[in-house]
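Once you scroll down, you'll see the structures, which are given as structure tokens.
Here come two complexes built around chain A, the first alongside chain B, the second alongside chain C.
Then we have the complex of A and B:
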């Protein structure tokens, strides 16, 4: 059978796609499915495959949630705090920056790059630089504070300030990404809507409120979903910004993923760690579906 | 986004989950298998070599990759093979530290791993549990001999009274002191603190503050560093309270007034004497930077200092004593014989010979020269040259009274102490109550561990 050019192209497309599909199946899905299996077992790294224990791991997590000083409870609460603090801050700041960047013509390329640079920087490097900025005596922030005769702050050493301090870094780090997406969204909005609004006598706020915001809705939904997932999976910054007491002080910065890591790789309770992962997966799925429902309603109008 | 697509996505997801769960459940039969080979010694590895005696027997030795250890072991193997021409040792040291345990976990049950392997003493319960290593035969390694000839910390290698492993070398904790800072504070740098009281006095005198800022830190207690060991194995014992019951089933940190006193002593430097605060990124940084007068650390830190702060003018002395009690925390890498070796009498015999050789005082002497770790054998450690060594001497002196902790989960045990310390120091919680909570947390770990054994 003779293949037409178009057909051959399609076949090649599938061949190339299958390469990445293999990657996804082998590197992403297969381990994820295995993790589900492990969550129903009493699995110790050393012993290898352990006995089937049904829901015992999930039950253990449930019981741990109500113990005094529970790491798991702290992890879930903190994770939600990161989301509630980080996502709104991230979106508001990014929208503000994007609106301003959209106005300027001069040096706009430079500014965009400047905002985007942190996003391409390694999380670990970011964490270490901020560690030093936050450091108690020698840190830049505290040096500025004491130069201004303001009281110095413990930041990462304080159970109260540590979580917001880390959340701010997470926001800063992926601000550039959100800005770029917002910019793309802003440039999609046809100029004629604004002209029409102007003719109708709308002021700047009204234009923003009734033209920009509704038309940006798909972008906002996309970013809200994506950033929520990011914050729910918070790990590297916390691990690297609370160096010899990961998740501390006093469990005030720990996250679900960090607990997964600790349970799995320093206590070797793979079953428990896998069960936590499954719960986090379900939480992420439910929140994402809810967000898509609630937030995307308005596009249809 | 359309609703039908979301619905389709959810449906697919649920379907996948169901398939997975369904697939996973009928497998409980094969899961029992990996542990079986360990219980059934006769492995199908009969070598035809037994018919030809002149052929040397080959056994494998594994350790993780660490330059100096590899060189030292190569030298020991060379000497051993010269003495035992009928045994050949294959030395596998290519595995990075991070993968070492995984490799062991994958190979030993398959019967292809090491005959003799090196492991951290804290891993012993897990390795014994998993059936990787076998008890050392009592006729070859009499427990009395081990108790008498090895540093007391090696008792951590007895599991329910049975000896499983033996080390070549061990490490202990001691007190590092910065001579320049001591001198600047008007202290005699040749007379570092010998008792807790002196440590308190000298640390206070050495501390230099400018308002809320520290210019010089006298002494920082960092439970996330080595200090949690100092509390468990040193302070508690000095206040007359052993840290755990002899069978390691009970946490005794708060079992007596002495326990609470030790805890208060631990907290006192930061809360009351204000000789320091945990301002540095990680525990040794402040001492390396020349900002801290006194610092508790292990012999392994000497290498770090030589590399990163070669000009630091410092000395090392034994940990301060109290109530006439000296104590220090010891830890070690140790060697065990695997089930693979135990499956074949000829290999087992070779493995025993090899293990005896690498745990001899002679091996310990070579090890301290090449690696810088202390000999585990008291005879080798009793070397006047070593005791006189200005840096190693204090660590060596600690060998005769060093203790190792039997950890069921070191990171959680440590975390309990860190959290209790933080709750008091950062949140002003009641010290006694926090100690009780830490004890309860660790007791739960022990209960869980023993319930499964």
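Then we have the complex of A and C:
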């Protein structure tokens, strides 16, 4: 039997896809469904499959959210604070740097590289470098403060300052990435818009406000979503920078993912941990869908 | 959701933009003004904030412990003693090799499979194509954190948390990526069908067409994908931390994290460890910064 070209194509397509299809079913889809299943069970890795408990894990999380001293309450509140603090700071700084980099000719390669450097290093190494910069008395920042006759700060050891101190490092680590994406976005704006604005007598601020900002809007939304998801998933820095137990001092820096790690892999309370990840997934899904809504309403210029 | 959202920028436009990001801006010459001086000043302050932490890390690693208390920026008696001590009491060499093995395996695998799937989704018509496309797209919304508990129970079940199987345990979740598939699919859209048909008439088989004709045409995208993936896997932390149970199979970030636990107040030792973990990567970055930034721009640009 001679195969038609079309049939041969179909067979080739499935041969090409075979390994990847198995991967997506076994390593992506099945575990996602399994995670949902585990969240409805009292699951412990060592005892194996636990009894079905329905929504008990979610109910436990709900109740913990209203207990003033619970770690999960602190984790959700802190994660929220990381996002509210980190995302606007990240976007504002990155946009500022990108606008300035876009203006200069000399040394632009050097500056671009300098802002991007931290992005290639691991969060763990970055965490330790900043632990040392933040160290009480002998840390570089406190040395500078005392040289300027300013009071030294406890930073990571203070329940008030620890979270912002860690958020700043997260911004610092990924600033370069946002700068690069903004630079690419700025390149997309046709020069003629600026020329037209110039002829109309617009000053720098007016050009920024009425040309750059609106045309950059899709990039801003895209980066805001990307960074929001990054901050919702805070873990590496917190685990390696917090003092007095992971997430301390006094649970002031703990995050949802850190609680997932502690519940799932220290207390082996996997049902509860899985329920936490389902909530994280739902939050991320809502944000992603909102982004699609906002971006599909894009205005054509 | 529609697939048109992903295709608003053509691959060639994307390449052009990535190239523009790393090339000098083409604006007209500006006279030196107070405003430009201010721009340079602000950029310099910012650049110092980005770079000084790494310099401080290196300088600290060259100081004897006694010099940490009295402040001086440069080491008075620079020494390599910290490096000798850290390298002799720890398995940094081994962790390097582990990270290198893992990042290399996943990068090669991602380059091959993501290209192949992207190519198939772009150039073939077959039943179930849309379902498969949406099935892969949907996985983008599931955060890894949700999958680590099932992955861990699977790894325990199949014995991937013990012995050399830990390499596979660390690497398996990342051997194929949805992001890469979409990037490659978009780039293969730009490859003309006539070229592939001509090769078909010449009698080349379908894999030969993919490998010899189509793939060489999207080299910049493959290179960008590999750079992006290598950095991500080299720095991966949460999953390797969970799945590797033996010190000999730690990756660099995991090893570094446990190393801190052991020398909690010896900052000169911790900075030596951090230097060992970052300096090779920083050197690679300094040499290839243009290509790396271009690659990140190419993969990161919103389509």
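Assume the second predicted complex is superposed on the first by the 256 of 301 C-alpha atoms of A that agree within 3 Å, B and C clash if a C-alpha of one lies under 4 Å from a C-alpha of the other, contacts with A are read in each partner's own complex, and residues count from 1 in each chain.
The definition used in the following text is that contacts are C-beta pairs under 8 Å (C-beta built on N, C-alpha and C of every residue); 3 or more make two chains touch, one makes a residue touch a chain.
Values in this document were obtained by computation on a predicted structure and should not be read as measured data.
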Touching partner for A:268 - first (chain B), second (chain C), both, neither: first
Contacts of A:292 with chain B and chain C, given as first, second, both or neither: both
Partner chain(s) touched by A:244 [first = chain B, second = chain C, both, neither]: first
Contacts of A:136 with chain B and chain C, given as first, second, both or neither: first
Which superposed partner A:149 touches (first chain B, second chain C, both, neither): neither
Residue contacts with chain A in the superposition, chain B compared against chain C: C
Residues on chain A lying within both footprints (that of chain B and that of chain C): 45, 131, 135, 138, 285, 292, 296
Chain A-touching residues of chain B, taken from the complex the two chains share: 1, 6, 10, 13, 16-17, 20-21, 23-25, 27-28, 30-32, 34-35, 101-102, 105, 109, 126-127, 129-130, 132, 212-214, 222, 224-225, 277-279, 281-283, 409, 411-412, 415, 418-419, 422-423, 426-427, 437, 441
Chain A residues touching chain B - in the complex, by the definition given at the top: 33, 36-37, 40-41, 44-52, 68-69, 131, 135-138, 146, 152, 157-159, 243-245, 248-251, 262, 266-268, 285, 289, 292-293, 296
Residues on chain C engaged by chain A in the complex (per definition of touch): 1-2, 5, 17-18, 20-22, 24-25, 27, 29-30, 36, 39-40, 42-43, 46-47, 49-51, 53-54, 56-57, 60, 68-69, 71, 113, 116-117, 119-120, 124-127, 129, 132, 135-136, 139, 141-143, 145-154, 156, 172-173, 175-176, 178, 181, 206-207, 210, 231, 234-235, 237-238, 242, 252-254, 256-257, 260, 267, 270-271, 273-274, 277-278, 281-282, 284-286, 289-290, 292-293, 296-297, 300-302
Contact set on chain A toward chain C in their complex: 6, 8-10, 12-14, 16-17, 19-21, 23-24, 27-32, 34-35, 38, 45, 97, 100-105, 107-125, 128-133, 135, 138, 140, 143, 172, 175-177, 180-181, 183-185, 187-188, 218-219, 222, 229, 233, 235-236, 239-240, 257, 260-261, 264-265, 270, 273-274, 277-278, 280-281, 284-285, 288, 292, 295-296
